[in-house]
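First chain written, first letter: the chains are A, B, C, D, E and F, and each begins at residue 1.
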Amino acid sequence: MTIPYINQLGVVKRHIDRADRAIVEQLGQLGSATVHEAMGRVGLLKPYMRPIYAGSQVSGTAVTVLLHPGDNWMMHVAAEQIQPGDIVVAAITADCTDGYFGDLLATSFMARGARALIIDAGVRDVRILKEMGFPVWSKAISAKGTIKATIGSVNIPVLCAGALVHPGDAVIADDDGVVVVPAADAARVAAIACQREALEEEKRVKLAAGVLGLDMYDMRGALAAAGLKYID
Amino acid sequence: MTIPYINQLGVVKRHIDRADRAIVEQLGQLGSATVHEAMGRVGLLKPYMRPIYAGSQVSGTAVTVLLHPGDNWMMHVAAEQIQPGDIVVAAITADCTDGYFGDLLATSFMARGARALIIDAGVRDVRILKEMGFPVWSKAISAKGTIKATIGSVNIPVLCAGALVHPGDAVIADDDGVVVVPAADAARVAAIACQREALEEEKRVKLAAGVLGLDMYDMRGALAAAGLKYID
Amino acid sequence: MTIPYINQLGVVKRHIDRADRAIVEQLGQLGSATVHEAMGRVGLLKPYMRPIYAGSQVSGTAVTVLLHPGDNWMMHVAAEQIQPGDIVVAAITADCTDGYFGDLLATSFMARGARALIIDAGVRDVRILKEMGFPVWSKAISAKGTIKATIGSVNIPVLCAGALVHPGDAVIADDDGVVVVPAADAARVAAIACQREALEEEKRVKLAAGVLGLDMYDMRGALAAAGLKYID
Amino acid sequence: MTIPYINQLGVVKRHIDRADRAIVEQLGQLGSATVHEAMGRVGLLKPYMRPIYAGSQVSGTAVTVLLHPGDNWMMHVAAEQIQPGDIVVAAITADCTDGYFGDLLATSFMARGARALIIDAGVRDVRILKEMGFPVWSKAISAKGTIKATIGSVNIPVLCAGALVHPGDAVIADDDGVVVVPAADAARVAAIACQREALEEEKRVKLAAGVLGLDMYDMRGALAAAGLKYID
Amino acid sequence: MTIPYINQLGVVKRHIDRADRAIVEQLGQLGSATVHEAMGRVGLLKPYMRPIYAGSQVSGTAVTVLLHPGDNWMMHVAAEQIQPGDIVVAAITADCTDGYFGDLLATSFMARGARALIIDAGVRDVRILKEMGFPVWSKAISAKGTIKATIGSVNIPVLCAGALVHPGDAVIADDDGVVVVPAADAARVAAIACQREALEEEKRVKLAAGVLGLDMYDMRGALAAAGLKYID
Amino acid sequence: MTIPYINQLGVVKRHIDRADRAIVEQLGQLGSATVHEAMGRVGLLKPYMRPIYAGSQVSGTAVTVLLHPGDNWMMHVAAEQIQPGDIVVAAITADCTDGYFGDLLATSFMARGARALIIDAGVRDVRILKEMGFPVWSKAISAKGTIKATIGSVNIPVLCAGALVHPGDAVIADDDGVVVVPAADAARVAAIACQREALEEEKRVKLAAGVLGLDMYDMRGALAAAGLKYID
């Protein structure tokens, strides 16, 4: 099967299969780094995607939107498809840093139950967004506004900041970045991530007590075998 | 008429026509995004210009300075031309990230009544600048100092971060970026921006109540006409 | 003498000559901008190196580590070489933004007495690192993890963000950036920097009182000689 | 359905459905710009992907390979899966500019019938590759070699330079860039592109004769309606 | 006077004052580097503007066009304003790498007498453009097409790649870059540039004979005065 | 020992130990990629360093020069230190793309016997440089000229494009990039590189005959051990 992009221009998909709510919550508490490891180190958006303010840690199910450069018309179409617990993931058909999203759209998104916006472009009104407590991960901050002239699509698979996102996928975002987990894999990934997390606490205690990773992970033999030499 | 740059190297213009103080204040309260819209979406500096600390919202009249790479001599010449309510807009003749400005120059600028610095290069002493409450929008932060060897100009038209700035222009800067309004257009732009702002409050209430932009802006017909299709 | 990189792959140097502790403290209090000036404007890492959170000001002696792209194995080897007061300086053999370092390694580094990490790549767990109070200067923030497959070296000279760092060098880092002072030059640089600092306070008072740099530094003659013209 | 990346790490798919050979040839003759238009302006790799030498125009069916940063081991695994008429499309799990490919691998690829390489990283031996007549589109040219330590996958869907590529997709590359057409859509896209091409020749003759696009496309009314004003 | 951008949106100026033809020819023969020096080292477009093929050296008078991101509608409007000897200078209201211009528009521009295109965005059909002998300096090469939806302006002052260009200005472009000379200053700049050029030939002969710049320019004294020391 | 930059500002070292001429020739024939491998994959300048025209392959001994941004004064000082067979390696104390070098300096360098210039900044007159046959590897091409105001140093160790270069080191440059070999290691590296080269020819023949790298390098077992799975 191919991702039939070219059949999906100008399309809004109303019914999507969302990842299980409880699993999504659990992934959100684990955080992007741990989930990304549990995924086998895939699924991460490029690191140029940064939070507009520090300290947020959210998870949700993806409502996707494909926009054109300098045109945010479809943001309003996407708003109607939001259900409580969703995170809007916005991709652009070309590189753009314009401010597609501000406090008015945020008010609307929040009223619909959205938890965050992930956008491979710019946003504005960032001081107000922070006051409203609506977190955004974006490529840029820009006062530059957009027009409403060309249609795109909502809830088709999109490529956002180097990652493929399907509607309904689990999205985990915090200060370290944004990771996407396919809905069908969410439970399995959460299980792996939990296991990983459990081990970390134990390790943390040992390391804090001064035990070296060299010994805790039993690395000295492998390092010597690889040819590492100590000199004075 | 052309901008006679080549007649204006090594020149300091002492008398400039500043945008009306009350209008500049009003523009500052409206913020960069609203003013930029009222301008017809022009006049914005490139989004790589960022505040060195979050939360400032200022406006003022431009005192411009043209500097050479790695040389901040003209900053001292510019200081003398500052009047209370001015914002210094510094352009460089080539790309440069050096730290042209620190706490000493900030002390001098504040003593003269400057409200902010906009510089298409780097600054330093940023922790102290924040403590002093002197806001700066810059391309970079860098401890790298500069020399004082080559003259430039003060209060000539300059190209700063992709925007043309004339001395006396209104400058509005906040967390969303920096916008410049020609002095002669300031009153008209402020009027348009105020109108825009008034409408926004009303919209915000509706959107918060769950009304969709699709309905509030009556977009459904236009979207259908453009070919948008809903599927399940 | 050449820097014999090619003899030093896969090497850990255990005994290094560290810059004098008291001098390093003094340099830390002076800050990166002042020290960089005292160095004759060399020794600064490129300005893309930014703190993961604002407000830290640290100094220490360099423990260097050379890593491969996407591989943090040697971080554990470096941990064992840390002594109280050290700052780990991590260079990568190719451009990379992966998250080489998180809260577990930070726990280990802190237990060993490290004061900070300077890394020409990415880090993760940044919210927790901030809570732990472990400052990092890095090129990127990324949830992307690394593997442990290829050996590098510890305590060899490294090129980090455009600067040459030898083990034992003094490292000064704050919101303005990171500067490196060769161990052998630390005392001399500190003396010059102190002198510079002393003069600054005096200047600050004058500038705050409205004295212009033009007069304080007696620049008017030189500017006129260079051809600067005042017009109305 | 989701793209099950996380089930496909370390996998080589031997049998893939290739786009029809004749259609792929036809698309190649039409060129990337025309095909991209026929796709509805999607399917293009980012413009940082450039040919290592000018003047090539090729098309083929994608054999995909997912590599790790600094590691070209899977290139050899991919070589075995090449059939005459294929183009290898190489994606990397993180940003990397290393030289993954040189004259030896090119010799092997050519012996297998490959027509080109598209790689979101670097290549080397570019002078020899040009002499051999093996075209490459890449992000960088770099003498930096790679290791062979970590497995990736062959013939899974990959994200390459901002585009999703499935094994068997039609790939068209020339001096304007690289475009990917899903195998299932190739015939339809070719038909649209041919139609477009036919119209272009007719237009070219008119424009060369001095007819303006304004008249040929009958734009004057629409421009006036949009508010365009002529002044003297 | 300010550049009244906000009064000039959606405007086409039909009559512009072009720099003197003979002077423009002369500037073209002198080349961008010499002219840029004669200008006092201003007027140069940023170095990311590169020729799509090497070896062209052209000059002409500017017809300017302001376009929106991803929209080349105004290119057709600009075509009508071209007179023989003109160079079209295209600016975009936001950063964009789309392919605004291809062989059809080039055919039209050439039929009108245009000598080149300077565009702060992308172009396509570059192989054909080279065959046609129509030189272009651009920021990018991209097969990505554009739409025709939003009006801009023709023959207003524009900011292109960091330089201010007025309609009628002299434009000089070669492998070293693009420089703009205000129409009113063209004669004076040409005179200075010629003088400079005459001196260069003489210097070239001396340098080829082994005379050092140190002696030819009599630099040894100044270098010693600046503190330069020779050691063994 | 540290690299005593801060003692070496404003210094010209007249006597340097150059790598053996015959060895340097041999390294040049092997090319940058092979030499870089023989070095253990270190010593390469960053891949943004590109030849101004394709097809050159040179080697020589480094004469180093440290310049300030926008200032090429020391180029003339460096010229006097050139001996036949040298390559000038120019580093800048801050990022800069100005055109430091054109046909006049090239004439002087060639008269002194220089083989090439490697510069971490811009050059100009590139069409003439190509005609003269003087190869340059640079970060940028720019018509922007420089001043002669501040002294730097000649024949001190410099950091150029991410590599440490000592005067006298062997420099190898071709279309793949630039690699630096410490003078003391040149013979050993050449020996390793020759061995490597000898093996390559044999491999090339096998690969051209259709033998797979998988078999030639006996990789199948290691791949299976690493977990690679073949599916249909």
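The working rule: a contact is a pair of C-beta atoms (placed from the backbone, for glycine too) under 8 Å apart; a residue touches a chain by one contact, two chains touch by 3 or more.
Since we're looking at a predicted model, the values are computed, not measured.
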Every chain in contact with both chain E and chain F is listed here as B, D
To bring the C-alpha trace of chain A onto its twin chain D, one rotates it, in degrees rounded to the nearest 5, by 180
Counting C-beta pairs in contact for B-C and for C-F, the higher total belongs to B-C
Interface of copies chain A and chain C: same or different residues on the two sides (over or under half shared)? different
Distance in whole angstrom between the CA centres of chain B and chain E is 28
Between the Cα centroids of chain A and chain E the separation in whole angstrom comes to 42
Distance in whole angstrom between the CA centres of chain C and chain E is 41
Taking each chain's mean CA coordinate, chain D and chain E are separated, in whole Å, by 32
Residues of chain F that touch two or more other chains sit at 41, 95, 97, 144, 150
Contact graph of the chains (line, ring, star, complete, other): other
Those chain pairs meeting the touch criterion are A-B, A-C, A-D, A-E, B-C, B-E, B-F, C-D, C-F, D-E, D-F, E-F
Contacts from chain C onto chain D in the complex sit at residues 68-70, 94-98, 144, 147, 149-150
Given the complex, residues on chain A that touch chain B span 10-15, 53, 73, 75-77, 79-80, 97, 99, 102-105, 107-108, 110-112, 122, 124-127, 140-145, 148, 150-151
The answer for chain D against chain E in the complex is residues 31-33, 36-37, 41, 44, 47, 50, 54-55, 57, 174-177, 179, 200, 203-204, 207-210, 212-214, 217, 219, 223, 226-232
Within their complex, chain C touches chain F through residues 1-7, 9, 39-43, 46, 93, 95, 157, 159, 162-164, 166, 169, 182-185, 189
